[in-house]
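You will see chain A twice below: alongside chain B first, and alongside chain C after that.
Let's look at the complex of A and B:
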């Protein structure tokens, strides 16, 4: 089980994957907004999405889990 | 009679240069490590080091050749350097009294000759049995670190970490300008996992406690992570090529090379201020192809720091990376910037700031981590640097981000803007929110609210139009990104004779 976490505090703009999707290391899997910037969140591992833990509009802190991969 | 003495000498030297017992050489091979004298042959030009002092250290012991350290003088890229190299086949490279004395002497030599000092570290630390002779005294281990601090900024000091650098020994990398670490083998920690379990009850692996990757990505104690010893030594040789032998000389200018083929800067930078782009692509378009040597690539990636050549001239680049955390400055990026700026300023390397920075991060997490004093540290380093400093506003530069990237008040030799530049105390959204928050609250109709906010943002953008700022001489020029490389080549050439002192005092009271 691997976690993809928010790299900084901010608001979730969009989660770009759904449960069951195949993810490769380097893929952009979510977009946050922070400091008025669009922050792409990349996966640093390969895996299959097993759980989405945040949605558009949610405030997340640095380190909060956004997506769980198998 | 002399023949016997000659033979005796030859045999003694052979035994010394063979290092420790064969089983320890075997262990090296199993761990993809090289014997110390092999590392030296790879480091020096033509595999040659002829000047070694203290070969016979601890000869009396019979089984501690050179007392576990080789201290030699040789040439790297045609430049004389002094080297200390631990021999991990001899009591795991641990330090006895004579080991320490040899290290202190080669440091003193580097100071006298005014040449770089290189530490090839692979040591288990102090020999606890010998601690009274080598730990507390005036010429004990502490003196090594005192010397490093004394030499800091006088001559380049480089650490290549091939194995452990444990406990007190960890301070050798800590005081060097740069630390190159071999993944899987290099490690650094004040207390070993075994000690941590004993004295505080924590149970972790060696990699977790002080592995090379951890130090290069999390702690920031490591600067360059490599996979093999050969790579590590090549990296050290390349790094040295950017530096003069000591602080009173300038780096050598070589013949220039064109940048890597790629998109033009005007195509790389988005007009929309909030969209990410890859600053590495912009750097590639500016520097001589293949000349970018990155420092702390894996640490605080929202700020890029590295050495490069522009038309053969060495410069230090500090650039925000919008792709990582929006290019916002954090505690670690501020520290990374401060150190790199000081490194370049110490050795007469001109600085190029490429700014696309929304500012310093906000929020309780960073406030509690002291972002204010860490940011101040970077701004202090920017202020003090007296090498030629060019500040290029690539896209946005808001608030203290402008200051940290050598904005006008910080005595850059020029502050120039690309047409996409937006300089302001804060961005339009935040500014309108702050100034008109009461008015916005009073508007009940949501559509009218949106229209009002958009109108105010548009007005704000007009006030920070870059031509207005240039008209007021806030920036010294506006240039196209496609012209930038040529502009920098000309300007750095014109600034070569810059000679100024920052301030007269004993030393600053630096924010830390």
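Let's look at the complex of A and C:
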């Protein structure tokens, strides 16, 4: 199980994947808004999305898990 | 809410933080008005807290839990017996529900009334109102676009490129440039979702994109007696991703004839909506000096010091006076401008990737240069946290003319030292020596090449 975490505190703009999607290292899987800027969150591993833990509008802190990959 | 003339405000709560909280406190001190500051857990060490007469911890770091916590702010005002709330900019400054709540609790909101805040906050309705008032607006969809197809039909009628915008957006947020049908189709749903999540309102509309235009806004002021004046314009064309970076007044490329038409249109617009207090009408000006209404900001703006510099006026003082029930301190003929002023927004960001760069301001030193004003909410050792906007400071350079202002700015940035986080300081030194900025003939496309 691998976690994709928020790289800084911010608000989730979009989660770009769904459960069951194949993700490759380097894919942008989510967009955060932080400090009035759009921060792309990339996966650093390959995997299949097993759980989405945050949604549009959620405030997340640095290190919070956004997506779980198998 | 009408205030009896002669009621002098004794105590104001500032529902904001950092730089603007300090700025408001400064004027209140000069007017012998008591101040209440509020702060979140992330801001407990910032200088503005000690500068206020009282300070209340308002909540945890995230804005929704602190600076946007309406009940906590109103409770703090009631508890400290403040009579009025100054909302600053951002946060709740343009939230009509907050304006109503403030008034329902017997407090004065330093700004316009809820009706006008709500009207101008709905960008679709704002456009319709301006059209009806005879103010030219950017060609756009008639009303909201409720589907991809509706947006694409509107775009086809207007001609690409278009700007897809959220009706509840503004301040450069919630908009995307679309060059063709495919881009617009792809952008529509994600932007709508974003609008729903961010603004709580999914309404979208489309406008013709005017590329290579100039973003020129007009400062207006109105009192409760229907008097409206303008305080000239500010050119805010230097932007990155629709966020302003540099603003100046007067606009270096605007003819006096167009200045006159725009300032008159702005006054007309403010009168048409029954405005009160400080406001800014934003226009986009194309290469033929046709100007079009973009949006109206019903609050004091970040870049207001540029107007203060050339008029010699204190806009926060005017806001307080109008909110106290006074009439405007000056008539239009008495408002004059002199010289030139340019504001530079120092942002905590990586100058190459433009990603935010929160951190501790280990070193934050700058020289004293005549004609330079520095407005900052931070001191050496302060933490710039990721919970709020990335602006560290505003540097306003003033001179008898634009060249002098530019020289002073260059001297300042040559000696300013920031360490501990990354900033856009290199951008300023680069622009101040680049002819594209120095000759004043730039457009909103200037930073797109970065």
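Everything below uses one rule, namely that the second predicted complex is superposed on the first by the 70 of 70 C-alpha atoms of A that agree within 3 Å, B and C clash if a C-alpha of one lies under 4 Å from a C-alpha of the other, contacts with A are read in each partner's own complex, and residues count from 1 in each chain.
As a convention for this text, contacts are C-beta pairs under 8 Å (C-beta built on N, C-alpha and C of every residue); 3 or more make two chains touch, one makes a residue touch a chain.
Bear in mind that the values here come from a model prediction, so they are computed numbers and not experimental data.
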Legend entry - Overlay on chain A: chain C relative to chain B, clash or fit: clash
Inset, instruction - Classify the contacts of A:26 with the two partner chains as first (chain B alone), second (chain C alone), both, or neither. - result: neither
Inset, instruction - Based on the superposed arrangement, let me know which partner A:8 touches: chain B (first), chain C (second), both, or neither? - result: both
Inset, instruction - Considering only touches as defined above, state whether A:57 meets chain B (first), chain C (second), both or neither. - result: second
Legend entry - Partner contacting more residues of chain A (chain B vs chain C): C
Inset, instruction - Determine, under the contact definition given at the top, whether A:34 touches first (chain B), second (chain C), both, or neither. - result: both
Legend entry - Candidates 73-81, 91-99 or 325-333 of chain C: the single one with C-alpha clashes against chain B: 91-99
Inset, instruction - Please identify the positions on chain A that touch both chain B and chain C, taking each partner from its own complex. - result: 8-9, 34-39, 62
Legend entry - In the complex with chain A, residue positions of chain B that touch it: 274-276, 322-328, 330, 358-359, 361-363, 365, 427, 429-430
Inset, instruction - In the complex, go through chain A and note every residue touching chain C. - result: 8-14, 33-39, 56-57, 59, 62
Legend entry - chain A residues touching chain B - in the complex, by the definition given at the top: 7-9, 34-40, 61-62
Legend entry - chain A partner contacts - residues on chain C that touch it in the complex: 61-62, 64, 173, 190, 193-194, 196-198, 241, 243, 348-349, 354-356, 358, 385-390
